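In the part that follows, the structures are each spelled out as structure tokens.
Consider the two complexes below, in which chain A is the common component and chain B and chain C are the respective partners.
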Partner chain A sequence: MSTPLLKASGLAKAFRHKTGLFASPTIQLAVNSISLELASRERIGIVGESGSGKSTLGRLLLGLTEPTRGDVWFEGVNHKQRQARDWKAFRMRTSLVQQNPLSALNPQMTVGQQVAEGLLVHHVTGRAGAYERVAAMFERVGLSSAMMSRYPHQMSGGQRQRVVIARALVLDPKLAVFDEAVSALDVSVQAQVVALLRELWQELDLAYVFITHDLRIVRHLVDRIAVMYLGRVVETGGIRSVYEWPRHPYTRALLASVPTMDPRIRNIEPPIKGELDASKVSQGCAFRLRCPFAIDRCATEIPELRPIRVHGAGQHAACHRADEFPQSIAPQIETVPRVDRTPQKETAL
Partner chain B sequence: MTAFILARLMRAVAVLVFTVTLVFIVLRLTGDPAQQMLSDNAGPEALAAFNAKWGLDRSILEQYLYYVANVLRGDFGISFADGREVFTVVSERIPKTLIVTVSAFIVSILIGIPAGILAAMRRESAVDKGVMAAAVVGYSVPNFLLGLVFIFVFAVWLRVLPSSGSSTWSHAVLPIATFALFNAAAVARFMRSTLIDVLGQPYIAAARADGIPPWEIILRHALPNAAIPMVTTLGFVAGGLLGGSALIEPVFAWPGLGSGFVNATNTGDLPVVQAMIVLFTVFMVAINLTVDVLYAVLNPKIRKH
Partner chain C sequence: MSKLLTVRDLVVEIPARNIKILDGISFSLEAGQTLGLVGESGCGKSMTCYAVANMLPRGIARTGGSVTFEPGGPGTGKPAVPKVAMIFQDPTSSLNPVHTIGYYLESALYRHQGLKGRDARMEAMRLLERVGIDRARSRLRAYPHQLSGGMNQRVMIAHALAARPQLLIADEPTTALDVTMQAQILHLLEELKAETGMSLMIVSHDLGVIARLADKAAVMYCGKIVETAPVAELLDRPAHPYALALIDCMPSIDPEDLEPPAAIPGSVPLLDSLPAGCHFHPRCSRASGECLARFPEPANIGFVHEASCYHPMVS
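The block that comes next holds the complex of A and B.
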């Protein structure tokens, strides 16, 4: 097999939290031993609640944050081996699209200047050439090139996000990380931007890492999905198999919580309770305190991400009881058989 | 843009008129200049003669209208203390104060801004901690005390600089240093926190992800955005320098507006006090106007309307 475009292995990032002046800092793993591979033109969705570590993962993949442990390779080169010049080349071949397009744009520069900056800094073109490329890029993302001389505050949210996308793609990168790229937009604008991203992917030689909490959006945009919970990937696989046959109770609950317009569809999944709280979990499965299916084993043994033999190839789940949830959850019409879900009392902690 | 500046100018004039009026009334309601100027055992005839001479026996409204009419003609009256024109008394002190405050302002910017930038860029490093510790000390020590310490060290102990007076340039060194260090500390602290705030913005992360070199991120993205809040702060610093001259100048017997104001207040030299307050107001209004205009120049949201 050829080298993957992007590879991460055993990636971890710890943050120290100081709770008080004299308190000893507590260490929290925002990202905990994550491994993933991404081929050229492949699109992966990273899904999780806020605080699951998905944005940190995105920053680690782009080398914007140093990992505490683990390695990232891009086109076969380890981030740790990169010299300043290699980093510059890497930055040309990757890009980042962030959540709020207003704060992602410098209020003091025209949007045209900001899109052109990468071209000029990397000496891809001269000033005249940059103008041509930026104008073409504007047209491509659905903006008139007359808007190049505007300042960010003179544009609408959707237009700004198109500018941010233009800036990210103007250097013709091989990998783009979208960190909640459409979450801050109105629903109607969201649909337009999602359509634009699908179109651009058709035209370009570009792989996507799409980080989001919105399960509905990611479904139309990616080939594979990784579900994160408290810094770990709890389930991963092809988008169809994970959406239809989720094997981790957390994925099941997340998918079941997506509102649907069909009144016949009933949510048969027991809802999860509480909030994501890393401080309560010291050993065992991080999800067990909120899991309706937790058993004694979950408190002692961390479930490894393991292959699940099912419909979709390459589906993995990190749950001791993953094989006990064979049924599809979509569409959840009431006739679907139920698993035994006598809640197990949590005893030791 | 022109409309914006015109509106600010109108407001500046209104502030000036209001201040002159308020100060005039308050000064005349607090304290009796005749009693302050003449000795305690001056008889009632002497007091009455003094009041009649300077028109203090007339109604406040009458005095006010008379005063405003004269001021508009450039006549600020006669000093009670030495009988000279107030205009001369005050204007000969202006350059003295400007030498100290303007130099101190420039020095505090030259020290404070690079120090703050360095601290913000090397956040949590030894450089940052060193700069911030120095800034806290500089900012916490009262500036008149700092002045006394400087006099002790450089004039009394090392004997390299004069402690008071204004006859040569070397006389200006200690007042400028005292003022500049105090304000450099304030500027450095604010520069650091403003820049750290800007460096945390998503557009900085975007620039880093695009491979823009660090120095270019600072120069093209961070500093222009940090400049807007900085201008406001520098306005406060400039205002503080003028106000602080009343504290610093007496320490070094520096014959500027600050020590002149303190003297005039102590002796009850009403016309001089009045003129100086008006002058300070003019300076403050001018500083604020400059800040407003710079703000508009720096901020495309105001500029492009």
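The block that comes next holds the complex of A and C.
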């Protein structure tokens, strides 16, 4: 097999965490033994709640943070062996899109200058050539080239996000990391940006990692998905197989938490309560404290990421009880009162 | 059911620039009912809330119409002036970073219920527990930056409850939160509404949130309400092309539904350059000559279902 575009193996990142002035610092693993491979033009989604370590993973892949353990290879070259000059070449072939376009853009430069910056820094073109490339890139992301002379505050949120995408793709990178690239946008603008990314991917030689907590959007943008919980991948597989039959209780809870467009589904208990808390977990499965299906074994033995046999090929889950879950995650509509005027409590199934 | 709030022909302007932010908004809300306001950013959803809560920002004024709360008074078991509380999108920046959660809640309890000292502390703890915050006693000494976004939103809700409001206005209460926290906050709001019997106005651009909480929904575009209907009716049989477009751009998690969400072409126009006639016509596939000439009056589509459109969709 040829070398994958991007490969990570046994990746871990520890942060020291101090709880008080005189408390001794504790070590927390934001990313914990993650391995993944990405081929050219492949698209993978990383999902999880805030604090699951997905942004740290994105930064590790791009070499923006040094891993505590493990290695990352891009086009067969280990990050650890890169010299300053190699890093510059690497930066040219990769890019990062962050969540909030307003804070990702420099308020004192016109958006055209900001998109051109990469071309000039890497000496890809001269000033005149840069102008043409940027103008073409603006048209490509659905902005008129007349907008190049605007400042970020003179644009709408959707237009700013297009600028950020143009800036990320103007150097024609092989790999991009989109970190919550559409989460801050209105649904209508979100739909426009999703359509744009799908179009651009068709035209470009681009592989990307799409980091998000939004399960509704990510499935239209990637082929594979990895669900993260407290630094570990708990489920991974093709979009279709994971959404059709999620095998990890955390994936199931994430999917069941998405609001439906059915007004009959009301007064249902949230699928999981509380939020991530790394400090409470010392051994066993990190999810067990919020998991309604936890058994004794979960407290002692960390479940390995193992293949699911019956259903989707390539689907893996890290749960001792992965084979026991039924296919459906939907709350049963029949048990919920129809448009209730007298609210009653119902339990989720 | 008794009426709580009537808004009639509400106009809100920036007088210095002569820009209308809200142009003739009318709706009513009954006690215990939930109204959902939906639309894109810049449509006036938040401004409608501020106008109802009488907290319009400086430089923006109500120049027409009325916001009337049904008075309670003796015999009705309700206070003479109904109380309104509001929660916002970004809870962490809505809370004052130099005050503890305890100070924040206890001062609200003093202001609204006259509770002091131990009584206020006990009630603050009870409220925190009610909104789902564990270890309430130690949380009273915490500052907002020590809590997560979801936790701060719970504190905001507890603070709102301290006023014992008849109307709670929630402006995008879950937009900044994770899906799992969103499900928890939505359920909390459902429970609190059932317990206290308060009315709720919820603003969201996510129709999923509106579908979950609202009894009736109002679709807003460029400072006007373009459609009002019971929420199930709106989702099943939208009449205004804008309402349908909003429904179509909602993504779903159904693996069978392979189509990506359909984007609405164009963007919301700026308030100082609104298109003449129906403001939606440049983005609308059904637009005709009439639409350019005059804004359509709201017309009955069905039972308590109104839309402002010359070419409503009728199935």
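List of remarks:
Everything below uses one rule, namely that the second predicted complex is superposed on the first by the 317 of 349 C-alpha atoms of A that agree within 3 Å, B and C clash if a C-alpha of one lies under 4 Å from a C-alpha of the other, contacts with A are read in each partner's own complex, and residues count from 1 in each chain.
We take it that a contact is a pair of C-beta atoms (placed from the backbone, for glycine too) under 8 Å apart; a residue touches a chain by one contact, two chains touch by 3 or more.
These numbers were taken from a predicted model, which means no experiment stands behind them.
In the superposition on chain A, A:Arg198 contacts chain C only, with no contact to chain B.
Chain A has more of its residues touched by C than by the other of chain B and chain C.
Applying the stated contact rule after C-alpha superposition, one finds that A:His122 touches chain B and leaves chain C untouched. After overlaying the two complexes on the shared chain, residue contacts for A:Leu36 are found with neither chain B nor chain C. Contacts of A:Asn106 after superposition on the shared chain: chain B is touched, whereas chain C is not.
When both complexes are overlaid on chain A, the residue A:Met92 reaches chain B alone and has no touch with chain C. Shared-chain residue A:Arg216: touches chain C; no touch with chain B. Once chain A of one complex is fitted onto chain A of the other, the partner contacts of A:Val234 are absent, as it touches neither chain B nor chain C. Listed in rising order, the residues of chain A touching chain B in the complex are 62, 64, 87-88, 90-92, 94-96, 98-100, 103-109, 117-118, 121-122, 151, 153-154, 164, 167, 171. On the side of chain B, the complex with chain A involves touching residues 201-203, 205-213, 216, 220-221, 224-225, 298-301, 304. Those residues of chain A lying in contact with chain C across their complex are 49-51, 156-159, 186-192, 194-195, 198, 213-217, 219-220, 239-240, 243-244, 253-273, 275, 339, 343, 345.
Residues 40-41, 132, 148-151, 178-184, 186-187, 190-191, 193-194, 205-209, 211-215, 230-232, 235, 245-247, 249-253, 255, 260-264, 267-268 of chain C are the ones that touch chain A when the two sit in their complex.
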